[in-house]
Each structure stands twice: as structure tokens, then as C-alpha cells.
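A, B, C and D label the chains in the order they appear, each numbered from 1.
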Amino acid sequence: MPQIQLGLGVDSTETIINVIKMFALFLLMVQLVPLLVWVERRGSAFIQNRYGPNRVGPLGLLQLLADAVKFLFKEEFRPKKGVAFMYYFAPIMALLPGALSFASIPLSVPITLQGENWGPYNFVLQGYDLGIGIVFILGISSLGVYSLLMAGWGSSNKYSLMGALRASAQAISYELALSLSLVGILMVYGTFSFTEIVAQQQGPLTFNFMGQQQVWSFLPNWGIFYQPLGALLFFAATFAEANRLPFDLPEAEGELVAGFHTEYAGFKLLMFYIGEYGHMLVASCLLATFYFGGYNIPGVTPAEVTAFFASYVGEGNLSQILTAVTYHVSLLLRVLLFLWVFIHVRWTLPRFRYDQLMDLGWKTMLPWALFNACATAVILWLFQS
Amino acid sequence: MPMNSLIDVGLSHYLALSAALFAIGMLGVLMRRNVIVMMMSIELMLNAVNLTFIAFSRFRDNMDGQAMVFFVMTIAAAEAAVGLALAVTIFKRFREVNIRYFEHLKG
Amino acid sequence: MTLTAQDLLFYILGGLSLASALGVLLMTNPIYSALCLALTMVSLAGLYASMQAWFVAGVQLIVYAGAVMVLFVMVLMLFDLKSEIKAFSRGAVAGFMKLVAVGLMTGAFLAAIYNSADTLLGTSLAAHVDGTVSTKALAQLLFGKYVFAFEAMGVLLLIIAIGAVALSRIEGGTHADE
Amino acid sequence: MSSGALLPVLILAVMVLTFGALLIVGTGLLGPRKVIKSAAKEMPYECGLPGQETKDTKVSVRFYLTAILFILFDIEIIFMYPWAIQYMDSLKDGSGGYMLGVMGVFVGLFVIGLIWEVKSKALDWK
């Protein structure tokens, strides 16, 4: 049997570890849904000055487990005139964009582990490192529209078809502003790969102004200081991509019953939520990676952190693993902050009307994103010369 | 490197695949009656040509092939946009997307 | 005799694209054939990526699979096209003749490829090309040698944007009076 | 793990699809077996109104027009990506002004198209 060299690892153990790591990252995204739904219900309760779920388990934490189990045992229902294949494939397709995008984002510093019999093996907390991170994520997230259209068409219900068409028209209009706001990032960093972008954001804020180097050491070298307008546009566009309020008209109860997932119940509905929360997670991770320094801890280099742990735990794998964990926690804090902003906005802002929503996308966000790209180009040209 | 070595994939493997895709696209244009499916088959033929461009750009190691694929994509997307706008206008007028109705345009 | 990742990818994605291309041809329901074409586009993007053309694979995903096919599916869904009974054009003899013609043409292509297999091989292949570096080389080309074609593309897209809107506003037509 | 390998993407996609399929088949098996079939339940949900299956729903032109304009503007943005990637390098080796001019013309056409679309009320969703 020809020996197959997969692109995954030097020897078979490394390949197996990588495959398990990939599935673990996917499960990390899937189990995020109960956590975020709990945070959403408790958070909205906190905002509206009420308690939220607190019966099942401490602070209502097991409420989500109870819901998941209930969803598992629901009756299997399909509308009679529904198109069977598309009706069932739409929830599965909803999982795909979030999972593939989340796996390509670097979550921690690459470390090298060394054992007695297995050789030095560098481990990075990331599903796979594609050289072109940004273009891949844009491509995959543009495939998310298919699960909406299939759900709308599969449930052969007039209202869900209208909801699906509206949701996909909104998703594609805001994808323009999203990809245009990324042009600014490409100009500043000059690379597609996430690891290089995060590497360029280390150290104090350094930029050259009229030819000579300026160093502002009190500010970290994050992307937000180069692209403030780009960050705002990017974050607003990801709200619309994930169908989050104030852009969630297609799923709004008042408008089209529940939009494209009217005819879904049980775990299929939960899979649409996994897709939506996965999209929110990817958007927060991207925002942290592009504009807030990814997993960098300002003022500290990875070598210092490893040395610090080595002094306690001794040289070897454990100090490496602890460094990776600290850097991962630093990224996680930022991501949880942005996820809280997603949830906070949902319970404070009112919903847009559909024509306002489309006007905002085409007539304000797109021109501003274009202005941001041109302004970045001109400023870079002025500062450079 | 004759083609029969199935293991190390060379340029001719990719060319054979794009020839097959091109043939399927052409059959689609000839056999199907629905205008929109014919336009999809044309897109398929254009994609087969893109595959050939990329294969030559990869195995002859110059980037002109990839630049050409860029332009082919733009023109194919523009053609799809105008073609569909036409088909939709005709469909609204004749309530039917069958190629036979297009003769009415002889005028 | 090692089967490298690229060969494995070629056979998986090639088979997938051929199967979905046949799906485009044979499905009577146009929406299913549109979804099969979207699957073909995605597998072709995978093939481009397996040939280290990273940026073009991304563009194929964004432009073709994510925009053009969404337009096709949206138009088909808007006009509620059920699967037609007479999907294929009538006339057995005509159909047979078309099949023979296409078969002959493909046979000619394959024969040409097979005979010229050894002359086509180019220089030694870089096993792995970095995405950003190859895109910068593509940009040098796009704004160096092909800068006029690049501007022509901008003009073409402007014309199509205006044309598509004008097309969608036609009320009358040659038979408007009927 | 050589950066840029495509196989892991396929492996993850297959894993996700089988995970989703298992979930759907699993909930199907776990659910109550004797499914009470009733016409009312099978009808598409229309907030209680008896389903009127009108032949062709009012077809709004806006949707496919938005999709067409999306394709055209998306391609113009994709043309900006290679330019943006090498912009810093071209600034360093002095050809920044030429790059700015080339892209200025292209973005000018983009803006003209956008202004025309807005003025021609093609994008109004009334």
C-alpha cells in the first residue's frame, strides 16, 4: 500500500494528535452554544432587572443541559411538502462555515514538546495553518448563505422562503463592507496569514512619521490604532453576517414568524444556533486577531513567560504548556469581552426596518469602507515618503 | 512522464480532468432546454478552461496563467449577471423559461 | 512509491468535481443542478489550492461559489421552478448525434494530451508556495504587464452594473401590446 | 505540519458533516416512534391561518438585482486585494505613486458605479 504522506504531521503520532486537536477545536465551538445561551439569558435578565434561569443547577448552569436533552428527545417532524434532502442538509450545512473558519485562527503561541522517545514536535493551538487566512475565511463565510437558502426552500413554506431570501440578501450586502474593511488591514500588514499579523502586533506602538521612527511605548502595537474606522466597520458588518440584532429582521418573531427556521424544531433548530454562535465566535476572534493584538500579552515576550514558569515548574514540557495556556487565556478574555458586546447590543438596540437595513448596508457602510481604504492608502503614502 | 503513471499527478492528469469537465459543460448546453441550466453549463465550461490555465501556470512555473484566470472570472461573472437579467425579464414576460420562447425576440 | 498529499487531493477533488458536474447535467430539478454546480466550484477551488494557487482558490470560493452561484440559486428560487418533465431536448437521433460529436471532441483532446505528455512537463516544481508571496508576484504581473486589461475590467464592471439595472426596468417589449 | 496543507481542511469538513448527520439521525431515532400524522400538523406553519397556497408569490425584483450588484462590486473588491498586499512593498521601492494612480482610476470607476446605483434608486427597498 503506497505510504501516504499527509500534510498533517511528520509521523503517525503527530498526525493523530493533529486530527484529535482539530475535532477538539470543533467541539469547543459546538459546546460554546450552551455557554453563550446561558450568558445571554442571564445577561438579558440582568439588563432587564430580573433573575433569568436559576432553578436547574447552581445559577441555572444546568438549564442548558436540560434543554439540550429535551431537544434530543423531540419528535422528528418534517413538513409534508418539504423537500426532504434540502430540509435535512440545511442544518448540517449551517455548521460548516463556523467550524472551518474557527479552525484556521491561531489561538495560542506555538510551543515545542519533547519526550524521551517521541522527537521534538511543535504544537500550535490551531486547526490548520493555511497560508492565506483572510481570503479563506471570506470564502467560507460566503458559503454560509447556502444553508439559509436551502432551509428556506426545503421547508416549502412561503414565509420561510421570503425570510431566507431576505436573510441572504442582507448577508451578501454586508459581505461587501466586510471585505472592503479588510483591505485596510491588508495594506497595513501586507500579509494574509494570521500568525504574521499577530507577530507584527508585538511590542510598543511604532510607526514612521515623515520618514523617522516614532515609538509611543505607552500604547501596545495593536491594529486598532492603525485602523480605528476599519475596526468599527468590521465589527458592525459581522453583526449583520451573523444575523444578530439589530440586523436580525429575517428571523424576527414579529416579522416572518421565525424566518427561514420556522419549520425546524428540536436539535435541527439547535444546529442553526450553533452556526449562528459559531459565526459570532469567529467574528470576535477575528476582531481580536486583527485589531487587538491576537494572543499577544503587551509588554511581555513568550520567552520571558516560559522562563517565569520554568523557574517554578522546571524546564520541559510543562512550562511550555503553561505558556501556551496563558497566551490562550489572554486571547480568550478579549474574545469573551467581544461576545459580551454582541449579547449586550442585542438587548439594548431596537431592530432595523428592512429598507433601513439595506440602505445602511449599501449607502452608508460601503462608502465608508471605501473611504477607509482610500484614506489608509493616502496616509501610508504620505507617511512613507 | 507518460500519463499512465497514476501515482505522481502531472500536468496531463489535470488537463484530462478539465477536458472531461468541458465535455460535460458542452453536453449541458446542447441537451438541456431550461435557459438558466444552459447558462450554468457555460459557467462549467469556463471553469474547465480556468483549470487548464492554472495547471499550465503551475507546471510551467509562470504566473501569467493565474492573471488570466482572474480576467476569465470577471468576464464569466459579468456574462452570468447580464444573462440572468435577460432571462428574468423574458421569464416575467412569457412566464416560461424554455429556450423555444426566445425565438419571439426575432422581432 | 509514495502517494503524496497532492495526488490524494487530486483524485478526491477531481472525482468530486466530475460527479457534481454530471449532477449539473442530469438533475431535472434546476435548483439541485445549481447546488451541484456550487459543489463543483468548491471542489475546483480545492484543486487550485492543491496546485498551490492559493489566492486564486480563495477568489474562486468568494466570487464563483459565493456570489455567482448564489445569484443562480436566488433567481431559480424566486421564480419557483419545479422540476420539469421535459428537461432534455427532444429528438433521440439529434441527442445521439450531439453525444457522438462531444465524444469525438473529447477523444481528440485526450489523444492530444496523451501524446504530448512528456513535452508538457515544465521546470521543477516548488513543493510548497506561500500564499502571500505568490499573491505579490501575481500583483506585480497584474499591475505591470496587464495594467491596461485591469483598467478595462473596471470599465466592464461599470458597464454591466448600469446595464443590469436598465435591463431589470424594461416594462414593454416587442409584444408589449398583446 | 507544513503550513498551507489542504488535506486537514477536507478532514475537518468530513468530520463536521458526519457529526451533523449523526445528530440528525440520532434525534430521529431517539424521538417518540409513533408519530401522530395529521394534516393540520403537516401544513406549512402560517400563524394559524389556513394555508393559502397562492400560485406565484409576488416576485420582488430587488433580490436578484441586489445579488447582481453584489457580484460586480465583490469582484472590484477582490481586485483590490493583490494591490493592497504589495502596497507597502511598492511604497518602499518607490513605485507607490504609480500604484496609487492605477488604483485611483479603478476606485474612481467603482465610485461612479456606486453613485449611479444609488441615484437610479435601484437599491431602494420600498
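What we mean here is this: a contact is a pair of C-beta atoms (placed from the backbone, for glycine too) under 8 Å apart; a residue touches a chain by one contact, two chains touch by 3 or more.
No experiment lies behind these values; they were computed from the predicted model shown.
With centres taken as mean CA coordinates, the chain nearest to the overall protein centre is D.
Centroid to centroid, with C-alpha atoms defining each point, chain C and chain D lie 18 Å apart. Computed from the mean C-alpha positions, the centre of chain B lies at a distance of 5 Å from the centre of chain C. Averaged Cα coordinates give chain A a centre that lies 29 Å from the centre of chain C.
Among all residues of chain C, those that touch two or more other chains are 1, 3-5, 8, 52, 54-55, 59-60, 62-63, 66-68, 70-71, 74-75, 78-79, 130-132, 135, 138, 142, 153, 157, 160, 164, 168. Residues of chain A found to touch two or more other chains are 2, 6-7, 130-131, 135, 161, 165, 172, 175, 179, 190-193. Under the contact definition stated at the top, the residues of chain B that touch 2 or more other chains are 7, 70, 73-74, 77-78, 80-81, 84-85, 88. Looking at which chains touch one another, you get A-C, A-D, B-C, B-D, C-D. On the side of chain C, the complex with chain B involves touching residues 1, 3-4, 6-7, 10-11, 14, 17-18, 21-22, 24-25, 30, 33-34, 37, 40-41, 44, 47-48, 51-53, 55-56, 59-60, 63-64, 67-68, 71-72, 75-76, 78-79, 81, 84, 86-89, 95, 98-99, 102-103, 105-106, 109-110, 113-114, 116-118, 120-123, 125-126, 134, 137-138, 141-142, 145-146, 149, 153, 156-157, 160, 163-164, 167-168, 170, 173-175.
Put simply, chain D touches chain B in their complex at residues 59, 61, 64, 68, 71-72, 75, 79.
Those residues of chain D lying in contact with chain A across their complex are 1-9, 11-13, 15-17, 19-21, 23-24, 26-28, 30-32, 35, 41-47, 53-54, 57, 62-63, 66-67, 70, 73-74, 77-78, 80-81, 84-89, 91-92, 96-97, 100, 103, 107, 110-111, 114, 117-118, 123-126. Across the complex, chain D is touched by residues 70, 73-74, 77-78, 80-81, 84-85, 88, 92 of chain B.
On the side of chain C, the complex with chain D involves touching residues 5, 8-9, 12, 46, 49-50, 52, 54-55, 59, 62-63, 66-68, 70-71, 74-75, 78-80, 128-132, 135-136, 138-140, 142-143, 147, 150-151, 153-155, 157-158, 160-162, 164-165, 168.
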